[in-house]
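Same chain, two partners: subunit A is paired with subunit B first, then with subunit C.
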Partner chain A sequence: MLSFSLLSNAIVSGLLLGGFYAGVAAGATISFGLLDIANIAHPAFVVFGAYCAFALNQRFHLDPLLAAVFVTPVFYAVGWFAYQLYHHAFERRGDDSMRGLAFFFGLMFVGEVVLILTFGVDYRYSSAEYTSTTFKLGPVAFPLREVIPFVGSLVILVAAQAFLKRTFTGRAILGVSQDPIALRLMGADPVRLKRIAFALSIALAGAAGALLLVLEPIEPAIGRDFIGRVFAIAVLGGMGSLPGTWVAAVMLGVIENLTSIFAGASWAPAVAFGFLLVTLTVRPSGLFGR
Partner chain B sequence: MLASLRFFGFALVVAVAVFAAMHAVGNDYVFYAGYTVLQYVVLAVAWNILGGYVGYVNFGVAAFLALGAYTGVALGNFAPFPLPVMMLAGGLVAGLVGLGAGYLTLRLRGIFFAIATLALAVVLQTLITNWDFVGGSAGVYAIRPKHIPVFGSYIEYMVFLMLLVAAGVVAVSRAIERSSYGLGFTAIRDDEVAAEATGVPTLRLKLIATTLSAAFMGMAGAPLPYYVTFLEPSSAFNLSYAVNSIAMPLIGGTTAWFGPLLGALLLGVAQQVATVTISSEINLLIVGLLLIGFVILAPQGLIGLLGLTGKRRSV
Partner chain C sequence: MGQGKTSFGRIVGLLVGTFAAGLLAASSALAADPLKIGFSMAQSGPLAGSGKSALLAMKIWAEDQNAKGGLLGRPVQLVYYDDQSSPANVPPIYTKLLDVDKVDLIVSGYATPIIAAALPIAMQHDMVLMGLFGLANNAKLKYDKYFGVAPIGEDPVNVLAKPFFDVADTLNPKPSTIAVITPDIQFGHAALEGVRNAAKGRNMKVVYDRTFPPSMTDFSTVVREVQAANPDLVFVATQPAQSINVARAIAEVGLNAQMIGGGMTGLQTTDSETILGPQINGLVNFAYWLPAAKLQSPGAMDFLSKYQARAKAEGVDPIGYYVAPWAYADLQMLASAVEETKSLEGDKLAAYLHENSLSTIIGEVKYGPGGEWANPRQFLIQFQNIKTKEPSEFTGTDHLVVVGPPELKSGDLISPFDKAAH
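So, the complex of A and B:
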């Protein structure tokens, strides 16, 4: 039968994993929840970030966490230009629904193929030593390769939340998500604010990518597993609320892990998407929605 | 109505003529390549019924195609049903799933439907992977019957059936465009709230479009096991089906029935030629880049560039 130690390990590992999912979903919560931009390529950006960290790790023996320091600003710039393109081609024409979606879908696909052509389809992993270290607290294991992404994601979320709530620009971004026209009447430029916020969301994706490299070996198509998770979390977390994102992500992580144990690992991919389908049908406003 | 029937007759004549021409070439490769192109014609035109006319993006093309394919596999486990029966059954199952998924998510904004279709593909793939009756993760062999009356080889038979489905979906798509349904679809695409307010039964129309679109995808999927002879979940649910089926209408042009047809023929034939010369990855890379390029630079697609969109813009 199921032992206590197995169960507690599964729950702890689910918590750690879920905490990392929150880091992956944080950017999507900003772009999808606040800016209403359905960037389905978000997980692809995360995987791209992971491969950038991997390349830095291979070439310069840079630690993945240190690589994040370099990857994040570069991704901010990439996001800046991506939004510029998106805005001019779709948003400004009022044509953002179908073609905008197809645009991000194409981006995701092209990104994946480029990674396959550059790095091949084999699994790649970083050569940091701490990834094999595990702390033990009684019967419960805390592998560092799960603890570091958990803590790193928490840092990402807290920093993003502080930026949105405490700084002038951050609060203006929250304003843009509520009423862009009113904001324009106040003399602010909604496009500029959205550009900053979208760039931030991509920067967060890059940082989460470096954490992904710490957590597990990566391959180009791994981002697909995250699409369901990211959007399930963003919707469930109440569209645009970072604390909600964290709670939803941790819940998903635990449920996924329990499913793996009770039903077998081959059922785990369906959990996130099943979660999402149920959420969309039963409670599209999310757990904490109005 | 009569004009639509006449067009369907015309499409059938074209289909038979194409078949005769392929037969005259007398090379099996033509049929193998032709099958793939025709499959994409059906997928692209079917996708466009919902995506192009109503403006709701379906990322789950592979899910509906695989539903058709695995319906065929499941039926084949009971008895060797003839292929047309399997295609009808595949269409029925895919249509019903489309109806169900649509009923649950089409009330929400379009983006949620799009994400739900992505989710549907993964959930279905997981179910099929864990369902050993249809092969599970190990896959399943589909043995083609050695001989088939009238046609001789099985691939010719499959191509002929696919031509019939292609003629059907093109005729249906054209008929929709010219009917009051088409007007309703366009109204939803342009402004759903205004359409609802003026009495367009938006949910019912969206459900009709979703069901039709999914049913044709399912029909196109039923012969797939016999085409590939070995079917496994990761190939049946391959994302490239979705990418191609979305790229073809957007490149051809989504506002008229011949847009996706043109896109599917051009891109489909080009890919068949290209797979001989370049790797399939580069092939897909080009499709992806073309998709991005067209949605940014030519939102009306090829038919827009060629000035073929017609004068029905301000209906």
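So, the complex of A and C:
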């Protein structure tokens, strides 16, 4: 028989994990949803961020959360140069669909190899003591290793949303996603704006990587587990909507956990992606799409 | 005196001649075409921790073998590719090994799913395949040239859970319910079948046996489902990365039972132990080998010292109790068949491996007709008294207490689980 404890824990756990997925997907929502760049290497950048946080933790004993403060601007610069390369090699020539996809696939595999050669294939983890701590509220458990990435991801999303909605540059980025030609006619440089937005998406990946290190042990190929989920969340949320990304991620997290309880964990991915298909059939633009 | 001088001169001459002939033979062996042994091995992905450890052990074997003059007068060369822990990559790798690299012999990569993908290729080419740490890979195929390198016996489906149930039989009160946590892959299904059979034989009720998808990383909900079923025993049969995440979820949720664990692959690697630290306390697990006095075969400790001297520099499991000695023994057995039959033909090698007892660093091995060990030799360990995550905690075997079978016991089981966990 289904107990209240089991049900409430499944919902809370789904909420916490879903919230973290939103943090991982936030950058993909910007690059894929707003800029129309299928950066399949986005989860690989997240893993890179996790390894950078790990390296800072090992070298300077920095907590992963503090490491995120240093990782984020470095990843902004990396994103800046990655977009510059992508733009010159593909976008400018109009080869930005399949070839661009191949470019990011290549980046992903090269990135994995670099991590393997640098850090080896063993699992790496955060030695922060709080990762082994769990708080209980009645029958409901709140492991800090899940609560912290949830809160951290929420901060990432709120900050990114505030930047896009409340700053001049952010609103211009939203404009370039809707009509780059009109923006160019108004004297703005769409390429510069896209460069800023793509750099922002990679910076968010770096920050999410530091949170991933808190959540679970990492290994170079762990990003592959996130590819399907990240793009499903970006599409379900409405391609470019950060609030939609959060809602979609949390819904997928909770649906996966409830499916696990009622039908078994093996059904969880099928039901979650089935939900995605049904939603897109009824509402092709996603939950928050226009 | 003169005669004495002559005899002395003859002896010296003979020794010099023999030495020179030996040198000539060794140098001609090393000058000959290499004898190539091909395989895939996980160097990335979730199986890579054990895969890298296995590869280092195999390199050490090749160096040892070449120092002895190679095989059939030819130097041994290992030809290997990273299968990225993905069974999908295995068939093209073995096709390349056989058709392009023209290897003479093949062995498998690490673990059940990788062996499952390599076995059809070996069958197509009628070649011997040594399968490193597979569970029930040949149970249905019955290929007469497959030889499992794991001491799990001719009834592999039922034998994985046997040490767990043998120890559970000694518990008081007698357990009457069991839950199983296992992935939705061949390894998991074989483990599940074994647990169901063992439970049925003991009138034990299986209260939870839902599988989970292999890509799953968070197990808190699954563990809570098990907790809600309130079983006396929890059998966990998982792959390396899953073992770490399930162990974490068990600690976080506070799952308790008389005994938890049993089939958690890779849990004894230093990697897993240092990630989990005290969270691993109380779990029981199958083990194939430890450097305990009763299990030390000739050459085992020499190998281990060579391995440990190089492991840290090569970035692999520095302790090497888990898969490394088996990977070395894997090639030892194949080489002894080649040396004794003076052949590379699958039929002759398989006949030799079936008919003879093989001396290896992990003990004497005798194969049964199904290509698994004629006499299984698994035991059950419990993690006890681990206080920190420091690697120094795991260098010896004090934290790995052998709790069964009785002839190998090094300590008593602490039950229920939470008593050992705290």
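Simple rule for what comes next: the second predicted complex is superposed on the first by the 260 of 290 C-alpha atoms of A that agree within 3 Å, B and C clash if a C-alpha of one lies under 4 Å from a C-alpha of the other, contacts with A are read in each partner's own complex, and residues count from 1 in each chain.
Note that a residue touches a chain if its C-beta (ideal position, glycine included) is under 8 Å from a C-beta of that chain, and two chains touch if they have at least 3 such contacts.
Please read these numbers as outputs of a predicted model, since none were measured by experiment.
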| said: If we overlay the two complexes on their shared chain A, which of subunit B and subunit C does A:Ala38 touch? Say first, second, both or neither. | reply: first
| said: For A:Pro269 in the superposed arrangement: first (subunit B), second (subunit C), both or neither? | reply: both
| said: With both complexes overlaid on chain A, does A:Glu219 touch subunit B (first), subunit C (second), both or neither? | reply: second
| said: Touch test for A:Ile116: subunit B only (first), subunit C only (second), both, or neither? | reply: both
| request: Using the touch definition from the top, say if A:Pro243 reaches subunit B (first), subunit C (second), both or neither. | output: neither
| said: On the A-aligned overlay, A:Gly175 touches which partner chain: subunit B = first, subunit C = second, or both, or neither? | reply: neither
| note | Both subunit B and subunit C touch subunit A at residues 113, 116, 264, 266, 269
| field | subunit A-facing residues of subunit B, complex | value | 51, 55-57, 59, 104-105, 108, 110-112, 114-116, 118-120, 122-123, 125-127, 129-130, 137, 239, 242-243, 246-247, 250, 281-282, 284-285, 288-289, 291-292, 295-296, 299
| message | For a test of understanding, state which residues of subunit C touch subunit A in their complex under the given definition. | response | 43-46, 48-49, 51-52, 84-85, 184, 210-213, 215-218, 220-222, 224-225, 227-228, 241, 244-245, 248, 251-254, 271-272, 275, 277, 279, 315-317, 389
| field | subunit C partner contacts - residues on subunit A that touch it in the complex | value | 2-3, 5-6, 9-10, 13-14, 17, 112-113, 116, 120-123, 125, 127, 132, 134, 141, 143, 146, 216-217, 219-221, 225, 257, 260-261, 264-266, 268-269
| query | What part of subunit A is in contact with subunit B in the complex they form? | reply | 38, 40, 85, 89-90, 93, 95, 97-99, 101-103, 105-107, 109-110, 113-114, 116-117, 224, 227-228, 231, 235, 264, 266-267, 269-270, 273-274, 276-277, 280-281, 284
